[in-house]
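Structures follow.
Shared chain: subunit A. Partners: subunit B in the first complex, subunit C in the second.
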Partner chain A sequence: MIRIFLFFILFVQSLFGYNYDSLLLKADSSIFPKIMLMDKKIKNKLIDNKIIYTIVYDERDYETALDVKEYIENTFKKYMNGYPYAVDLVKFSQLSVNTEASALYVLKSSTENIKKAANIARQKGIISFSYDINNLKYDLLFSLIIENSTILYLNKEYLHTNNIDFVDSLLSMVRFIGKNSI
Partner chain B sequence: METEKNMKYKINCFLLACLTTLHLQADDLRASLFSDMKEFNTIATQTKQNEHYQPYIISVFKSKELEKLGVSNLKEALMLVPGVDMATDNFNNQTPIFRGSNPFAYGQSKLLIDGVVVNNLFFDAYSEYLSMPIDMIKRIEVIRGPGSKVDGINAYAGSINVVTYAEDFKGFESNNKVVFKYGSYDYGMGGFVKNFKIQKLKGHIDFYYQKDNKNISSGPDGVSQGSLGPANVGLSQSGDAPLWLDEYSLGINLKYQEFSLKARLLQYKQGSAYGINFALPQKSDRIKLPSYYAELGYARKINDVHIDIKAGVKYDAFDSKAKLMPDNASLNGVVFTNGGYGEHYAKQRVMYQSTYLTYDGVSNHHIVFGYRVTQEKTIDMKSKLSNLTTGDATLVDYTNTLPFFDKDAYRNVDTFSLQDSYDVNEKLSALYGVNYEQTSYKDAGFEPRISLVYRQDFNNIFKAIYSTSHRNPSWQEMFTKNNHSRVGSTDLEPEKVTSYELAYIRNFTSDSYLQSNLFYLINKNQIYNSASNPAYRNAAKTDIYGIELEYKGHILPNDELYANYTYLDGSYTVDGTSKNSSLPNVAHHLAKGYYIYYFSNAFSLGTTLKYVGSKERMQTDLRPRVKAYTTLDTALNYKSTQYNYTVNVSVKNIFNADVRYPSPQNTYENDYTQERRTFLIAFKKSF
Partner chain C sequence: MQKRKFESLSFKIISSIILTSVVIIIGIFLSFETINKKAFYNVELQKAKLIVKTIEPLVAVDIYLGMQGKMKSIVKELIKNKDILSVEILKNNKPIYEVKSKNKSKSLFVITHNILQPNSKKKIGTIVLNYSNHNYEQLVSKYTKLLMIMLIILFIISALLSIYIKNILKPLRKIARLLQDFSPEKKLQIKPMKEDNEISLILSALNEMQEKIFDFASKQKDINAYLEKEVDSKTVELRKQLFIDDLTQLPNRRKLFNDIANSKNDRALLILNIDDFKEINDFYGQSVGDYILIEFAKELQYLLKNEKEIMLSRLSGDEFAVFFQHKPSEKSFMRVINNLTKEIEKMVFEYEHSEIFIRVTIGATMDSNEMLEKADIALKLAKEHKKYFLLYDKKFNVKKQYKENMEWVQKIKSAINDDRIVPYFQPIFDATTQKAVSYECLIRLIDTDGSVISPYKFLTIAQKSKLYPQLTQIMLEKSCQYFEHRDTTFSVNLSINDILDVDMVNYIQKCIKKHNVNNKIVFEILETEGINNYVEVSSFILSMKQLGCKISIDDFGSGYSNFEHILKLDIDYIKIDGSLIKNLETDINAQIVVETIVDFAKKLNLITIAEFVHNQAVFEKVKLLDIERVQGFYLGEPDKGIPTDVDAFA
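Now for the complex of A and B:
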């Protein structure tokens, strides 16, 4: 009986996703692509002259990832600041250094998966955005929370990467945060 | 050589052009980014998503979550709020009690629907809205404590803002739906929500109709305790108290550019409950509490100034038709062989206008100032009773000779307020201000308030709040006449409260937190009456202190857990008697919570647990304490994403707990019995 119960618990857990705040998802979807465009080296990250904005998700969060994709496509229509773009959905299990991506938007997952996504973003020299601010401690670059005002957090330990060079005006808008203060 | 120079010049020009373009693009992006951040911040503030950073003690409940728990209406939702208990009276005029503050008074909290105050003028209560189906509601924002002043609206112990689906933001999904429900006591409900847009005109309509046949065994009634005099004690009855409901409501919100209209029509009819004179009424006896309002608004932003002008009118009435005395009752030597009957009708009108200006021109400051003027008036009153001279049951018009209410009742209330929200630095913000109010009767005067929010970091937030507020006497406390149990007085001072609150919020993740609040409330001039002295007077003083703990988070990735606990205690004095070290009719311990487990994207199981501790009586009331109770509800929810419908089956009070709300001394000796185990089936289809 206990085995059946445990199996049931584990089984159903694999069916249902993490909890997400819909307003925060929408804010992320509107704001993060614009931050990506404020990288002076964005042209180096085009793939076939296109921006590929990749959402990395846990298998159980497919619906959430799809909602984010649709929201971005409705917000930016066909171009992001003049660049054609595509929003790709990639599961954590399928993510690798060969995944085509101009930037990663990382949804919730296990620590191991988050670290994997951060590591791949670093290797590829692309910007990584995190839904959950707590995941900045695993070396993702950007996150956003809605406090008294909307605040962009930038992981200062990962800022100085050769392939990323933000316009100065962006840096005046963000709040820098270190791993130890998360 | 010349060609080489030309070439260099062209290359430089090109690079300069590229650089300029890049700067322009960056500036555009920065502006766009800034605008997005501001917009989402506005939405978060309006929707209270950033509740932890606001200078109030606030709890927000989203109805989409509550629906999964089988929560059916506003009252059931409010029972989940920390520190909130429910009280009722002989009309079954139910009212939420915030932090134990004066359980037999109404109007200590304000109910707003989309920002419009809907408390009726007669009782200053909003019992008629507590049955509002949860399906018509998008979100419930509950601010506890007197720090709930919004645009000149003074809440004393707390305010409840019900946000309907009229709230609409660009890019957010539609909420059009139809709802049907069926449950215990032959309860049936049907309703819909529809949002629409015609060019620049945005509209929202919601409608519902619901009725039930609830009658709950009660008694012996208050006649046994002498509510109709010692001669009638033997005529006391026990039986079913008619607590049935029959109501419909139509809400309309329109917005055209800077102009808006918010209107609602509520036709509310209920059984006469426990009887006007505490004598058990007949099953068909009824009370109507209709409520209609319309508010026109104009909002415009000009540079750093935002103007918000509102003007509105609200009508409400108390309309009772009931048997007031049992057969063979004797009053002043007259015997009413076939019983005594009565019709009481008082219709009120409230007209108001407010203008508020918000100024953002000073760096880090957000200054709001303005006024609200209100005119309250009784516009119609009728009083009919069985013949008091002959004892004949046929009704006689006593409107002019023995009115139950002052037909010329009126009051003007003018409120002025000034408030500044100041971001001292990235971590500290302060909100301070003052309200000044004068009325046709006794004035509340100046009421200051200051609130500090310190954000140490994302995980740790501290709040400190000092505030003062008041409650003006309600219409029945001022203008009731010729009544055995209530005598009004226009000499009443407003009830006053001074509040000190400290809060600490620990955010564990973006969606889990623990909040703890300490509060100390000093209440003066509390309005009080009793069976032995029915005249309303400023007789009570109460000091209340307590702690609230609130947790929201998860045990597993696919569940939701919410729990809160409130401890409160204090002391009170009535009519200058010695201080009593306990609070009467107040539960010292309140614990509520829910757990939702998601089996899949389609199925979830929700459980709600509520514990309300025992309540002591008034010092002179020798009855045993009101017993504590625990209720457990459960609900199974199925959502079809393919066909956009939801079915919810719930059972409330599974263990059939005996739930009673306290009755005043010398009335219903066994208190007011509430429903036991019930079931509900809800079907919702979204479009």
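Now for the complex of A and C:
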């Protein structure tokens, strides 16, 4: 019985995808593009003079990714801080080094996929945001949680990537986190 | 005293120090006002700005990311700073957060700072910070106190310095006071100083100088005493020389003037002049002349020794004065004069076996005014009239004559200067042909109003004033020039003085040669004058004849006609005196004299000329007496030019 219940849960899960906190998704959609813009080297990450904010998702989280995209587009009305932008949705399976992206927003997935996304982000020298704070231990860069207030977390081991240089004031308000402290 | 205080060295030094201190204080104060105050203000302002600038990026991130919780904690932390009075965050000009401090301050800075989007220049909000300038006020207050303390210290230092300088210069003041009483005769007691400084050097130098001055003054005093003595003796000598005649030792002319000027009484004066004293001098020599003057003075002194209030003095060479300090009675006055005359006539001066007699002429006045002039006039008149004595009388009217004479002298001088001395020409006719054969050049003075003045009015005065030679020269020059190119003879009058004057004779010769008139000119010489100076006249005639000139004896028969002399002189014409001619038709004696002269002249082949022919009867008589040439107003008056076509009288 118990086996049946667990299977059901897994089946439903695989059928309907991961669970997401809509408030957190909204916070991510609102804050992460702005953090991306606080990178002093954002100009180096433009693709055809355009910011491409790439949401990496599991196939079953397509709807969630689409919601995030929609929410971003509603928030930022065609331009991000003066730059034209596009929100691309890319599956983990399709993600490669050649994927055009100015930043990656990584939804929940398997450890393997998460590591892949983190690896590609590192190779491309772009910022990676994680919905799940736990994924920071797989070398994603940013994440946030909402408690009494919104708290930003930054993977301090990933901070010294050559192609990323945040404004100083950002660093004074984030909480640094290491692999072992998650 | 007050002025001296201001000019004193100590005052100047002290005032310089005070002035410098004041300038320094003012400088510090001004620099504080302009630099420090501003600097303090800016420091506080910069502090406030720095705070705002520091929190701005943090606030910016918070606002940008919409994480205002963080911003509030920053602001709350900020407000703990006691200098921050309030912080206000505005987004889109609307306050989103404001915190105020409990601290209050009336004076504050308001810093408004834009919040820019991170990594962008886009304004996303504003921070308004009210910052207390309490620190600034505190600093200014501290600094002002410090300045006041400095001022007081400087004032105290200046005052102490003033006292110190005054003390240093005190010995100098003491020396100055001592030196005020300095005199070359009195040595000052200047005590030397213990200190070895500049003032002690001055003191020792002053002492040395005092010694030298003292020595010099004592020598000078001796010299001065000697000089004073010398000056006194010279003064006495000069005073004596001033009022005493060197030769006779009588009071001199100056003394007489002094006595006359100082005497207020009625007085009288005699002037005695030794007659022909010049002849004595020339004949016996100057030393004999001096001897006679000395002896004469002694005699006069002797003669007047008993007369009271009479002063004898020597006026000039041969003139002595007897001044009566109180006017005597006429009788007494005359007694003195007669006595003097009588005694002087008796005087005999012996010199080297020669006996020399003298005569005197006396002029006198009893009028107290202008005594010297009046006595002198009386003397001159006495000489003129050959009287031994004359008392001045106001009827003499001599002064008027003198005045006229002086006016005439002036007139002659101005006529010479203005070229108003001209010759007028009177024709001399041949009695037979009745043609003008010659012209006599007669001098005329043209007055400033154009009137013609005859020579009898000014010639005598000209002779006295020594202007005569000039007139002769003018006449000669103008006459020779006039007749230079005229084919007729002309005659010019010469005085004996002209002939005796060597320069004049030279001038005559040059003038004749210059105008080439030696064969035309006739010189008319007065018979009387010529006879008295026979030798000189003879020599002149000879030299003129050698040049080809002719000689005429003028006014012949007017005096004692010396035929013998005339015979010896090589003359050409005899001009019979007008006094013989003018009454010739009636005066039998004149006819006899003229007949004799004509007869005499004819025998000597001399041409006779009758002047002063003033009417027909005289003219007829002249012709009858066989006088060859005639001249006179009846025949032709003198004129400034001669006719060119008419050569016979009407």
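Keep this in mind: the second predicted complex is superposed on the first by the 168 of 182 C-alpha atoms of A that agree within 3 Å, B and C clash if a C-alpha of one lies under 4 Å from a C-alpha of the other, contacts with A are read in each partner's own complex, and residues count from 1 in each chain.
We take it that contacts are C-beta pairs under 8 Å (C-beta built on N, C-alpha and C of every residue); 3 or more make two chains touch, one makes a residue touch a chain.
None of these values were measured; they are calculated from a predicted model.
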Record, for the superposition on subunit A, whether partners subunit B and subunit C clash or fit. clash
In the superposed arrangement, does A:L170 touch subunit B (first), subunit C (second), both or neither? both
Subunit B or subunit C, by number of subunit A residues touched: B
So in the superposed three-chain picture, is A:S30 touching just subunit B, just subunit C, both, or none of them (first/second/both/neither)? both
Between subunit B (first) and subunit C (second), which does A:N134 come into contact with in this model arrangement: first, second, both, or neither? first
So, A:E63: does it touch subunit B (first), subunit C (second), both, or neither? first
Scan A:T150 for contacts with subunit B and subunit C and give back first, second, both or neither. both
Looking at the overlay, does A:D39 come into contact with subunit B only (first), subunit C only (second), both, or neither? second
Subunit A residues touched by both subunit B and subunit C? 30-31, 34-35, 37-38, 40, 81, 148-150, 152, 167, 169-170, 173
Hey, which residues of subunit B end up touching subunit A in the complex? 22, 25-30, 32-34, 36-38, 40-41, 43-44, 47, 49-50, 52-54, 171-172, 423, 426, 429, 453, 455, 457-458, 509-511, 554, 556-558, 560, 598-601
Subunit A contact footprint on subunit C (complex, rising order): 57-58, 60-62, 64-67, 69-70, 117-120, 122
Touch list for subunit A against partner subunit B, complex: 9, 12-13, 15-19, 21, 23-24, 26-27, 30-31, 34-35, 37-38, 40, 63, 71, 74-75, 81, 131-134, 145-150, 152, 167, 169-170, 173, 175, 181-182
Touching residues (chain side subunit A, partner subunit C) in the complex: 30-31, 34-35, 37-40, 42, 81-82, 148-150, 152, 167-170, 172-173
